[in-house]
Structure formats: C-alpha cells, structure tokens
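Just below is one structure, and these are the notes that go with it.
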Amino acid sequence: MHERVTALELAIKKAREKKEILLMTHIVLGYPNFDDSLRVVEDMVNAGVDLMELQIPFSEPMADGPVILRANAEALKGGATVEKSFEVAERLTREFDIPFLFMTYYNILYCQGINAFVDRCKAIGIQGCIVPDLPPSEGEEYLDAMHAAQLSPVHIFTPNTPESRMRHLSDNSSGMIYCVARKGVTGKDTAFSEDITNYLSLCKSTTELPLAVGFGVKSKEDIDYLRGKVDIAVVGSETIRVMEQDGVGAVKGFIETLVT
Amino acid sequence: MHERVTALELAIKKAREKKEILLMTHIVLGYPNFDDSLRVVEDMVNAGVDLMELQIPFSEPMADGPVILRANAEALKGGATVEKSFEVAERLTREFDIPFLFMTYYNILYCQGINAFVDRCKAIGIQGCIVPDLPPSEGEEYLDAMHAAQLSPVHIFTPNTPESRMRHLSDNSSGMIYCVARKGVTGKDTAFSEDITNYLSLCKSTTELPLAVGFGVKSKEDIDYLRGKVDIAVVGSETIRVMEQDGVGAVKGFIETLVT
Amino acid sequence: MKNSGYYSQFGGAFIPEILVPTFDELESAYLAAREDESFWQEYLDIMSTYSCRATPISRLDNLTEQLGGAAIYVKREDLNHTGAHKANNVMGQGLLTKRMGKKRVIAETGAGQHGVATATMAAKFGFDCTIYMGAHDVARQRPNVFWMEQMGATVVAVTEGSQTLKDAINEAFRDWVSNMDDTHYVLGTACGPHPFPEMVTWFQSIIGTEARAQMLERNGKLPARVYACVGGGSNAMGIFSGFFDDKEVELVGVEAGGRGRGPGQHAARLAYDDATVGVAQGYKTYFLQDRDGQMQDTHSVSAGLDYVGVSPILSYLHESKQVRFEAASDVDVVAAMQKTVRNEGLIPALESSHAFAQAYAEAPSMSPDEDILINMSGRADKDIFTVADAVDDPKWRQFIIDKAKEYSEGMTNA
Amino acid sequence: MKNSGYYSQFGGAFIPEILVPTFDELESAYLAAREDESFWQEYLDIMSTYSCRATPISRLDNLTEQLGGAAIYVKREDLNHTGAHKANNVMGQGLLTKRMGKKRVIAETGAGQHGVATATMAAKFGFDCTIYMGAHDVARQRPNVFWMEQMGATVVAVTEGSQTLKDAINEAFRDWVSNMDDTHYVLGTACGPHPFPEMVTWFQSIIGTEARAQMLERNGKLPARVYACVGGGSNAMGIFSGFFDDKEVELVGVEAGGRGRGPGQHAARLAYDDATVGVAQGYKTYFLQDRDGQMQDTHSVSAGLDYVGVSPILSYLHESKQVRFEAASDVDVVAAMQKTVRNEGLIPALESSHAFAQAYAEAPSMSPDEDILINMSGRADKDIFTVADAVDDPKWRQFIIDKAKEYSEGMTNA
C-alpha cells in the first residue's frame, strides 16, 4: 500500500466493500440558489449517492462545458461567494455522512490564501479537492498544505496522459484519481466502448488509488458499463440538466434510476 | 488695321457707331427647349440686344458655373443634339439681323469633324465661335478652317493672362476678344472696380479687335461702368436666372432694363 | 504654353485660358523637379518613411498550385499608407505643391481612395484641402468620406451629371479656375491635361521600377505578363513603366467590363469598341461618348474604374499594341476577389480585382516556367459596403439595420 | 511539463491536465524553432514578402512642432498586412503550426484584429479556422467579422460571461481541449499559459529589433522614451524587447483608463491599483477581480484593450520598475486619435491611440534634444463604427439609416 492513505481513500474502500461501484455526483453551490443546493444534496444522499463534488463557482470555469458554465455564472449573478460556499459546505458535511469534495479553480484558493483555504476545508470536514487548472508542478504549496492536513488532492487522468505522467499525478494525489473519459469539456456525451476499457486498464495499472470516471456519464447503462472496471462513476452535468428541465424535485428520481 | 478683318468685326464697329456700348447675351440652345430658345432670342433682339452667343450644349462644360451647367444638362436631357442646334441656329440667323456666335466646347467640333463644323457654321450664317477649352496651340486645324472661311475665332483674355500671351491670342483671333472680368466660372458676381479698369486698359493695349467683357455682368450699373471702356458687355448666366425665376416672358423686360 | 504632351494623337492640354499660366507654372515646376536629383531622393525618403516602400512582391502559392500554369506574383500596393497606390502620386504632388509655395490642394475622387490619400497628404503637409466627389460615389464610399472629413478635408458631393468621377473632375477644375493662385489641383490619375498624365506616371513609376528589380532578384527572370486594372490608368502606367524596354514582357490592362458590352453597361474604353476619340476634361483620348461627343453613363461595380476616359498614354500604347487591353465583368471580379481572399488571405480592392480576374483566366493556359505579376493597386477595406452587397451577406444587412435602429432611437431621445 | 515560464512570481501554466501533452509539444516545437536559425529566417522572409517588414519609422513633424519638447517618432505597425502588429504573431505561430503538422487553428479575438490576422494566416497556409469572439465585440467590430468570414473562417459569437475578450479565450480553450490533436490555438497576445507569453513576445520582438536599429540609424541615438498601449501586452512587449538593455530608454506602457478609476470603469491592471494578483486563463498575473477572485467587468472605448489580465512579463517588469505604466482615458484617447489624424494624416487604432495620448501629454515637458517613439500598433479602419459614434458624426448616422432602409426594403421585396 502506498504511504499517504487518507480518510477519503478509506471511506471509498469501505463503501466499496458493500457496492460494486459507487456513485459520485456534482453540484454547483448556489445554483440556482443555496437553499436549492441544500435540498438537492439531501435528495441525492437519500437516493443513495456515495460521494459528492461541491463546485465553488468561478467566473472563468475554463474546463467546464456549457451546462456547468452557465450554472457558475448564474450562481455568481445570484450572489454566491466563497464564504457562503464554505458555510453551506460546512452544513452539508455536518448533516450528511458521505465524503464531500470541493471542485473549483485555482484562483479561488489563491485569493483566499492556499493555507487558509486548506485549513478551512479541514475545519469544515471537506475531504478533498479537485482543481482542474492546477497541475502538480504549479501546486507545490497546495499539495504541501493538503498533505499536511491529511486531505486528498485529487488529480485527473485523461486519455491523453502518458503512463509516466499518470504515475507522477498519482504520486501527488491522495484519496482517488479522477479519470476523464474523453477529450473535451464537461457535459457532452461519451461513447463507452473498447477504447475506454483499454484506457481504464492503463489508469488502473499506474495507481493504487481508487478510480473515479467522469465526463459524459449519465445513465444506468453507462454505469453498468463501468461496473467492475472502476470504483466510482461520476454524474456531473446530467443532474444539473435534469434539475433545469424538470425542477429540483426531479433529481431524486433521476438518481434512483441510476443506483437501482 | 490688322490683316484679318471679318464680318463680325465690321458689324460690331458699325453698331458701335450708333451706340457707346453694345450688349451681347447668351443662351443655351434647347434650354429649357428649342421653342423657348427661339422665343427668348426673339424677345432679346426686340429688346435691343446687339449680338448673341448660342451655346451648343455639352455634357462636360468645364468652364461654366452652376447655372449654365444645369442648363446644358437639362437641354441634353430634353433631347438636344448638335444637329438640332444647327437647325435652330440657322433659323435664328435667317430671322434676326444681328451677329450670332456659337459658344461650345471643343469635343463638339471634334466629333463633327473640325472642317465640317466650320463649313456648317459658314453655311448657316454663324459669324464666329468661342471654344473655351481650346487654346490656339491645340487649335491649329480649327483656326485654319475658321480663317479660311473668314469666320471669327474668338479667344479669351483673363486677369491672369500676361501681356505677351494677350498678343498671341489676339493674333489668333478675329472679330473680337472676350475678356473675362475675373477668375472663376460663369455666373458669379463680379465687383466692377479700379482693378478691372486697369486690366481692361491692358487688354485694349494688346489688341486692335473690339473687346467684349463678360462674367458677372448683370445690371445696368455694371454696363454703365463698362461704357467707354469696352465695346461689348456680355450678360450670360443672369438671363437664364431671370428666365428660371420669372419665366421665359420675363427675359424681355429684364433686357430692357439693361439697354435703357 | 508649348504644344507638348502628345503621345501620337493623344493627350494635349485643352484648358480654359485662365489656367494657362497655372499649367505653365506646373510644367516648369515638374520639369525642374525631374532634373533635380534631390527631389526624387526626397520623394523616395518620404515614401519609405511615411509609407512602406518598397512594397513587397508576394507569391500566391495556393492559387498557383490550384490553377496550374504560370506562377502568380502580386505587387503589394495595398500595403501603402492609406491602402492604395494613390499614395505615390499624392505624396509626389504634395512635394511639388510645397515647391510651388501653394497652401491649398483640391482633388477629385471616385472610389474615395484618391480623396483619402490627398486629405492625408494635406494633413501631413499642412495644406487646406477640398475634395470633390460625385454624390453617387459619396453614397457608395461613405467610410472614405468619413476619414477625409476626420483629416480636416472638406468633401463636396457633386450632384451634377452622372454624379461620379468625371463630374468630380469638372467641379475640381471649376474650383481651380477661381483659386489657382494658392491652390494646386492634385489630379488622381494619369489623365487630364499635360503635364498630368506624364507627371502622375512619373510618380507611379516607382511601382514598376521596384517590381522589375524585385522579380529579377527573386526569380532571376522577368515575368511573362504583367496585369493591372485600368481606371484612369495610373497604377497601370506605374507598373508598366518598369517593363517598357522588356519586349518579352506582355503588358495587360484590365478595364471594367461591368455588365457587358453596350452603352452604359461598362467602362471599357479600349478593350471594347464602344469608345471613340474625343476631347474632354482637358485631354484627348478614347471616351465613352455618343456621336455628338456627349459623355455617356458608365457602370462598374468598382467606383475607381467607373470613368469615361482613359490615360492618353494608354490610348497610344493600345494603338501601338504595346499593351493588350481586356475587360473583366462585375461578376468575375467579385468572384476573383473572393477567391483571392479565401485562398491567399489578400483582400484586393474591387478595382484591383479586375487585374486578378484576368490573370486567373489566363494563368492556367501558361507554362509553369512562366511567371505573371499582378498589380494589387489597393485593398478593399473601403469596399466593405459594396462587397457585402455583392456577396449578399445577410448578417451584414442585419448589423446595419440594428445599428440604424440604435441611431434612430438615439435621435428621438435626444 | 517543467515548472517553467515564470517571471518572478508571474506566469506559469495553469492548464487542464488534458492539455499538458499539447503544451509539452508546443514548448518543444517553440524551443526547437528558436534554436533553428532557418526558422527565424523563414519568418523574416514571409514577413518581408507577405507583409511589409521592416515597417518604417515616421516622424510627426507637425505635432512635434505644435507640442514643443521632444521629437515624436512613430513605429508603423499599422502598415502591416491586415493593419496591425497582430500579423507578426500569427505568421510566426502559423509557421510553427505547419512544423507541428497541425491542420486547424483557433483563436480568440477582441477588437477583431487578431481574428482577421489569424483568418488571413489560415487562408494563406490552408488551415481550417475558427475564431471565438465575444458577442459584444462581434456587435462593435462587425467589419472585421465580415472579413474573417470572407476568408473562410467560422466566427463563433461567445454569449457567455461579459461577452468580451476573456470569454472568447475561455471558449477557445474549451475548443482546444476537444481538438488538440489537429488544432493549434493561436493565442493573440503575450498572455496565457507558458510558453505563450514568451513565444508571442519572441515573434513581436521583430518590432523592437527593427525600431532600435532604425532610431539609431536615423538619429544616431536612442529615444528617451518608448510608448506602447497595453491590452494583453504583445505590441508593448514587442517594441520594449528592443530596448531592455538600454538603461537610458524609459519604457511606458499605456493601459485603458476608460471612464476613470473604480471597478468596471476601465481596464488598467497596472497603472491603477484596482487589480490584484490572481490566476486565470492559465496564468498568474494582475487581474481586475474581486476579493473572491471573480473577474470583474472592464470597460474601454477600444475592444482590444478591454481585458481583465495582462502579460505576466509586464507584471514582472512593472514590479521591477523596468516599465512605467500609465492609463489614458477614453476621452483623451479619442482626442489624441483625432489630433493625429488631422495633423499628421495617420489613423491610429483606438488601442494605439492610448500610447499617442500619453506621449502627447508628456512630450511638451521634455527637451527638444530628446526623441520619443510611439508604437502605432494598428490602424483604425476597423474602428469606423466606434469612432463615428465617439465623434458623433451625424452624416455617418444618416448614411447607416439610409442603408438600413435600403436593406429593409430589399428584404420585403424579396
């Protein structure tokens, strides 16, 4: 076993003992407003979600596609701040017994001060962070702080990532690895097929950390395909799309179709 | 006396025996139409005009100001042609016993053929021509033809013309010299003053031909000013302006104010 | 005034008597300048510091390959300051105006290029400036009018005649006969009374002198053919000047074929046989005129070629068969322009696009060993309204409609 | 990916993991090109045949005299093909794209200059091309959009965020993370992740290298001050590059002062103290952002300076006091532009006019023995709609209203 086992990794391993594949979902904090964020998380947890990514909105979400991009913008327009995001996240970790991760862009951390940001995460019970615009080479201060706090900095594997770099990313990660299933931004369809299987075997061979797969996962079929291949399926944009189309109340039903 | 005395010069000298200053007027043939051209000439002659310039319309009357320019354009738009201009001119020389001159631009002569044009002038009783865009240096063929036909090629003196060139122009002219009273194009006001007197003395000293003065002559006062200084006062644009403002019938009355 | 400035039967100076001393003065100043080597040096200096001479020669790699046949080169007069070869002429005449001690310049303009160039030169030299422009051209070339006015020039919309270039020339002469003492008339092309055709050609010969040397340096040989569009003829005379002594170089002047043959449909004085010899606007040449000698209406998609007359020197070179004349139709011209934009990233003015159209038509049947050279007399920024109409761009129309709404509302609110 | 591309604390490459190999490839290609002398030679060749490099230096004789004080010189990047210094960068990156064997280019654009330049390069090199442009900028720079489309480029109007330059950059990155295999992102300024700031500066350094030699040759001495407008910073880095080793030359960067200090009123990241250090769009620099790190709206009369970030190299040069930063207000900029047009016949782009405004403010208090040099990064043809509005030209408004009427009628008839 590798040296930096975190609470997140342990929680994942424990949950996996009972389930062949876990479900991680994603919301943008403050979208459409903070009350709805709370309600959606409650519904998701009740529907059987195992982990959650909470995105702190940023004005320039470079790696996100149209759905999450708009959710970021609307949240900010509605007055979302980093402070409010922390407050809501704190309530969520208190009320729900699943691991929560922050997903956000580096400038949010940078403007809070890296150490202050990580300390706050620790204090409010956030278990890890995904910062898609922060490669390890730029993130020394962040990595040091996360490791020191025994939190999980989660890095991303992509179909473009060479094996050697996967190892490098793994070395700098804790908790899990997030594998994006294809090129592009969040929120577009992915064809789950042979190619992906090969890619996921490569991912697995380069890290001992649990693997999550996201980008384009949106149905029970997608999850069934991933079952046995990885530890976690990540459903991101699709839940926002459901919420936008059918209302906040529809999310629970949607999640239930995925986990049964 | 100079060598090339023409019928025009003789006619002018004869008329001057009876009058201190002669009046030459100007019309654009075919403006507003050929019938009106005929009527206006009749009125003018009856009112006491001594000579007339008949302008054959041209599409590019470079030396004319806005009034005559527009008259040229309207005449052409109304269907005026060189042939019709000749025909009307022939009728006029037949009906009225005053000297008529053609005024037009060189392209009209050039396109008819210079000799053909001059022969036709001779045949229909036109006594001379004023071609403002044809300096003697460009007009050898024209001058030869005119002189051979004993017609009068009339050249123009201007306030810019040096004495030596006045002599040169005079040498190439017959009938009379046309002195423009100021710089610019036809149809603008001229201040008849000291300057002009000096200029006219210079003109007189360089030629033995009768002098006509035009450009901006438009009232009895102007003519009175010129009396004793030159042989002919030329009223051009002003008659067209009167015709446009008060109708063809008003021209006679206007001319009468000038000659009484 | 001597009886000079003839090219075989063409040319001359058919000017109102009042301008005779002015032309004498101009001719003397011009001849003195030609003899004074420092004048040409000053001219070269200003053209290489205020504009970017020598303008380069570009090779059209993609179209050469696509069309097959001759290798296509382009002389880049579009890179000149103000975007056309007109700069060469105005800066030259500007220096001459200074020499003559005059303080005001006037000019006619068709496409607006010469107007902008003259207004620019006037701003640079501190002259007062009035530009005459046919009202019809004012309407189709508003961007150029805007810039002329920004330069401090007075732009007079000429509502006489056909309201195009020839009428603007007449009006400029009308101004000149009133103001010749302090005013120089910066005629914009190789037309008009002597010494204009020769003088304008002299200033524009900088194009041909450069181009010949550049082609030789680049390829070790001369082009087989040189193409230039012909409005009044100044850019054509400019580039052809470099090659008159090279019998192996065929010179091709391309006129505005407009909508095809027949009066009022085009502005091809030499390529078609609708024009006859006449005298107007101070010089003798082929004009599109009726039998009486009245100028006819002309048509071209490009304002700068939409003119009844043509350089007397080109009429002579036509008769002596030293230059071959062709006409390119509006439709082919717009297509050639689009082809050039899309394949080479160059945006030739609609005027210049006439030369491109003819070159593209001929290149495929030539040998790959041969080079051809096109004079890109200007760029098409000024033509955006015309081109947008020609390619019928709905987005442009919508943009203009929205902008107009904004303006109309602004007006009612104000 | 090495931890490189830092200038003191600024710079870096904060990129999505999926682009890491693409950036590695780009950095290698860039470094290989820098070491290969033939690459720079090829670059110089294309810039001197397809554009008109070396661009000249012009002396502003009239304004030097009027203002008194320092003699004013202008580096004429407006004479470049497509009308701005942007050509230098895109042609360089075009050559690099060819080297990398890619077949498609994408770019962001604000003023539209970089979009036109990229579309032009793509037409010339035969690449597919997509341009991202904020919807707000599409509206204010329609002529440039028109030409991009004529070149065959797809122009995508970005309706996210503030609908200006920064949003166009985000969208371009979103395209790139999907299409990196065959696509190169031609970033238009000296910003973004490493190696862009350094690479764009390298290509633009052609301006400074030429300018230094030209000033020396002309005056036997260097200018006392060099002025450049600063949007992303590429033209400034380009001209400043020539003078970094000359301690006696003061470098002045001029930002968009807009309507004055305060959030949303301007785009001055370094001259005012409204900006703070942050990380966005892949690099660390001063951004106009709130305390949370959310980017703020910016304002400038010139689309090309209307940007939240600034070259990390300039942030470094600001902190190390090697460059002085100033801001010019919209009103002063339009006035400086008009002064330049009217007195010198040069039409600086609104962006470039910022540099002119600052230079005009400072020149009078300098000694006549001193020279100053302004980088005229581009010409204002593209700005006609903006300038016509700024100077409130009723004739232009009427022209647009008439044209719209014509179009509306054409539509109903059709």
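Per-chain numbering from 1; labels A, B, C and D assigned in written order.
Methods note: a residue touches a chain if its C-beta (ideal position, glycine included) is under 8 Å from a C-beta of that chain, and two chains touch if they have at least 3 such contacts.
This structure is a prediction, so every number in the text was calculated from the model and none was measured.
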item	value
Set of chains adjacent to subunit A and to subunit C	D
Centre-to-centre distance between subunit B and subunit A (centres being mean Cα positions), rounded to whole Å	98
Rounded Å distance between subunit B and subunit C, as computed from the means of their C-alpha atoms	38
Approximate Å spacing (C-alpha centroids) for the pair subunit B, subunit D	65
Topology of the chain contact graph, where touching chains are joined (line, ring, star, complete, other)	line
Every chain pair in contact, whichever chains are involved	A-D, B-C, C-D
Parts of subunit C lying in touch with subunit D, wherever the complex brings them together	48-52, 55-59, 61-62, 76, 79, 81, 83, 119-124, 126, 139, 142-143, 145-147, 149-152, 338, 341-347, 381, 384-385, 387-388, 391, 393, 395-397, 399-405, 407-408, 410-411
Contact footprint of subunit A on subunit D as seen in their complex	1-3, 12-22, 160-161, 166, 170, 173-174, 177-180, 276-282, 284, 287, 289, 291-295
Parts of subunit A lying in touch with subunit D, wherever the complex brings them together	58-63, 65, 69-70, 73, 76, 81-82, 105-108, 110-112, 132-135, 137-138, 155-162, 165, 169, 180, 183-185
